[in-house]
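Quick one: the structure is below, questions incoming.
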Amino acid sequence: MTEAGATLHRHVAELYPICRSITGAGLRATLRYIGAQIPLTLTEVPSGTRILDWEVPPEWVVRGARLATLDGRTVVDFADHTLHLLQYSEPVDRVVMRDELDAHLFSLPEQPTLIPYRTSYYARNWGFCLPHATRRALRDDAYRVRIDTALIDGSLTYGECALPGEEPGEVLISAHCCHPSLANDNLAAIAIAIDLAQWLAARRRRFTWRFLFAPGTVGAIAWLAANRDAPQRVRHGLVLTCLGDPAAPTYKQSRRRDAAIDRYVAYVLGGARILPFAPTGYDERQFCSPGFDLPMGCLMRSPAGTFPEYHTSADNPDFVRPEAMADSLRVLQEIAILIEHDRPWRNTAPYGEPQLGRRGLYAEQDRMALLWVLNLSDGRHTLLDIAERAGLPFASIRAAAQRLEHARLLEPAAA
Amino acid sequence: MTEAGATLHRHVAELYPICRSITGAGLRATLRYIGAQIPLTLTEVPSGTRILDWEVPPEWVVRGARLATLDGRTVVDFADHTLHLLQYSEPVDRVVMRDELDAHLFSLPEQPTLIPYRTSYYARNWGFCLPHATRRALRDDAYRVRIDTALIDGSLTYGECALPGEEPGEVLISAHCCHPSLANDNLAAIAIAIDLAQWLAARRRRFTWRFLFAPGTVGAIAWLAANRDAPQRVRHGLVLTCLGDPAAPTYKQSRRRDAAIDRYVAYVLGGARILPFAPTGYDERQFCSPGFDLPMGCLMRSPAGTFPEYHTSADNPDFVRPEAMADSLRVLQEIAILIEHDRPWRNTAPYGEPQLGRRGLYAEQDRMALLWVLNLSDGRHTLLDIAERAGLPFASIRAAAQRLEHARLLEPAAA
Amino acid sequence: MTEAGATLHRHVAELYPICRSITGAGLRATLRYIGAQIPLTLTEVPSGTRILDWEVPPEWVVRGARLATLDGRTVVDFADHTLHLLQYSEPVDRVVMRDELDAHLFSLPEQPTLIPYRTSYYARNWGFCLPHATRRALRDDAYRVRIDTALIDGSLTYGECALPGEEPGEVLISAHCCHPSLANDNLAAIAIAIDLAQWLAARRRRFTWRFLFAPGTVGAIAWLAANRDAPQRVRHGLVLTCLGDPAAPTYKQSRRRDAAIDRYVAYVLGGARILPFAPTGYDERQFCSPGFDLPMGCLMRSPAGTFPEYHTSADNPDFVRPEAMADSLRVLQEIAILIEHDRPWRNTAPYGEPQLGRRGLYAEQDRMALLWVLNLSDGRHTLLDIAERAGLPFASIRAAAQRLEHARLLEPAAA
């Protein structure tokens, strides 16, 4: 296990026990943890605030929840696992007949030992999620239900870490942080976003990099409502999700399909495992809605719903792998290098070939890279364009551009 | 046999015996028959009228024609089959020596029992078309030729059925109606055009649908000469021909190749049997001449010249199949639905995803269609664009658009 | 051997013994030979003249060079082969110890009987090129080196043959003429350029054809420095090199990749042996530098460096084949026909099909070519566009256009 992998996995393990939701104390505790690693600005949006076509829901307070037999034996207790309680359950404190109870129980007949993850944010309801085996063992006519929750006039919280750059334009990295005890979905991505931000904070940056940690859907919508100018600012972006499982990295394209980010990720992944855009999934649905149409795709390993641990108690810290998380971080770093360094240059001696010999450049081992950069640096080709046409690695083309810039044979061109 | 197929075949059977030509009584009788089924406006263009690069030819009058032996035995008689007489034969009434006669006889050595179809509109000539077997049996030195025709100062006739639409723009459907007793070429198409017009007449229409029944080449040229503004009006169009034989439907693309009609027909045919444009064939040669360049392709089953019955007495009502004609009509109806309903819409809540739940739309079975229509309805994607990108049937996308329009989440966008 | 092949080979044989370089007497003698075949204008650019990013080097004068043993036995003598002397060797006249000498000897261990071709234009040096076998036989401790050369304040010479055309625009054909006794590289191309110029001189020409005979790199740069308006004038161009070996013709595309010349050559070669542009090779590096970006590719048979005779004494008149040179000339003539005759026309009767019958054109054997030319001559399709879409040979389409122009159905359109 590499050091990077160990650090990433430690973040997951620390955050796992917290009961996050789209609002509330668990969400704030998570943002506090992130804020201890990287500079984070929190925003609270009051319940009832109109955000685009939506409204901020009431804040959900959970103190405890227990389903028990009438003689006091615990069936399931929220204290044992945050998944046991249907998210946004309203308060209940009464004896419930078996038939009524059944409509409030959620289990997985095909995976009888696992607890499912269920929510009911907008339709008032209550319920318990439990292993199907436990459910099947229920024989009594009535049970004691006690759900000590409240839906209060509070607020929705999101956090932003903005690392300023030297040129205009932002890169938006978004990771949803509303899921309770689920490791791959989405603690692994949160952990990787923290490390990527730390890595970028230590480097010179062309763009401002903005990391957004917000609850899914309604959090992204709240951020977009406050950032209607996002299309003018965001040059590239990625939604990060499910980045810790052992599958190979997978990329879902932006709505635009031919945005620079689509090309960069495909280049880093060698063209494999690229999925077309669809208006479902994570917060790319919001960022890529037609009014915003941000150039943002979604980076993951296993896509949501395609692995049996998805949205169950099996998506725990044992399921996410340090080496997979380290690999996800490396992929993101390579993408970041492309985002930061792919740009057009202009050959300052474009008439004929400049005499490289008298500048000590002709004998260079990578003469081909030098000649290609000179030939195509007409302001219309970026370094990646040149790398792809030359059939040379981006790193070689970028190194050649640096040497030519140093020899004053290259100057930046407007993108 | 379906009712649609039976009706279509009845039209063919009724029209078959008439001796049509590019002018004259048979052409007018045919248009009268069509006018009894659908509202038809007739236009008479006088002989000698200059039409584009052409001139309206004299009108051809046929009263009878007979080739007989000198002792009075009939060899062929026009009264037996309209194909027996070379179209536009000039009058003759004399004894003709065998050698001279031979240059005026047309037969098919490879299909010795069939009568060929031959014309001589612009070079004055006379002649008889007959089975090669009959011709081979001619042994006399001289024969009696009597062709009772006239080429008079009359007119060329064409008919139009225009069904007005709610928006500007026309759809032009053209079927040539100059061929005498030939069923597939082109009575089947005439019959199908009649039924398609009736079907459209009973529906709300976005576009004006114009059905043109005109003699081939010179009739299309006469119509174009009177409709020099066609490029401004005609949004989509189809030439219909040979739509009754048992082969699968075939489409010849417009000169433009990427006109909407080319895409619509390819979509309905599933991409099969699409032929490239060529400046030969039927009246697409005129409609797609460079000065007009109308977005019109040609829908057929077997292309002209590719079936042995083509332009012979074997192209009779037995050759065209009720079920094939019914299938051609169905294909045209599906194309008509695309023409009428494929358009761009605009999402009225384009910032983020609208909250479908509170509008009762979220639980819909076809949530994917709803999300795709919302996501891509930015005024730049038509419903067919959306259907193809979503991988969903056009009908599902169209239904989703209707529900969203009803929920005021969609409004028409300028095309 | 055809007459064309014999003539071409004679040019090679005549020019072979001359010691060319990038400046000097041998270069001028070569240009004098060319000027005896076709009208040639010579330009002398003084040593030290600034040309783009470069400077004209001193002129190299060679009177003789000999490496001998101290007792007077000749090891190699420039009088025996021009390749024996490192190009641009500075004068030397002294006894040299074996160790020092070794750093100034060039041979090919893998091809021990051949003399290599080596230059040192910009780094002052001296040296002898010799068969590796001869080198291995050197046993003495010291040798007598006598190199009777001078680097003087002279000039660089290039020649141009411009055949004026009827319309604006030039076609630039360039062949480097700085290599000493090497037949394929580049005497074969020089010979073919001479014959192509003679062939074009005898024909009516649409474009001005300019043949440039200049030393490689620095000669092309000198010409470009004097012709900064080349991008405005040059419509098409080709660098000619290695056109005499037995391999099939090969084309390296222009930097633009989709220039008309790229299409013309690919059409003539049937799409085979087309190489992508790269900023290496011959003077296409200069002509296709980003400031000029001329629409010029490179026509050759075997690409430089891919045949064992390349840059050795084996590239002699026996290596180049009369029939291969005649074939190269034929390919260039076909390309020239496309360059001269591919253009858009405009149908003067674009509304409907013109009535070909009354113009005596309808019965023509090549009716398809006539119809295609009429249909697509809308000013936006060139004859090659039409030929490719029709699937007919360019020659047929061109012939049809000529007949239609004669019938006043076609007039030239602005390209």
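Order of writing sets the labels: A, B and C. Residues in every chain begin at 1.
FYI, a contact is a pair of C-beta atoms (placed from the backbone, for glycine too) under 8 Å apart; a residue touches a chain by one contact, two chains touch by 3 or more.
Not measured: the values here are computed from a predicted model.
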Interface composition of copies subunit A and subunit C: same or different, split at half: different
Between subunit A and its twin subunit B, rotation from the CA superposition, multiple of 5 degrees: 120
Interchain centroid distance [CA atoms averaged], subunit A/subunit C, Å: 57
Residues of subunit B whose C-beta touches two or more other chains: none
Partner subunit A, residues of subunit C touching it in the complex: 52-54, 122-123, 217, 220-221, 224-225, 228, 255, 278-280, 285-286, 288-293
Footprint of subunit C on subunit A - complex, ascending: 347, 349-355, 357-358, 368, 371-372, 374-378, 390
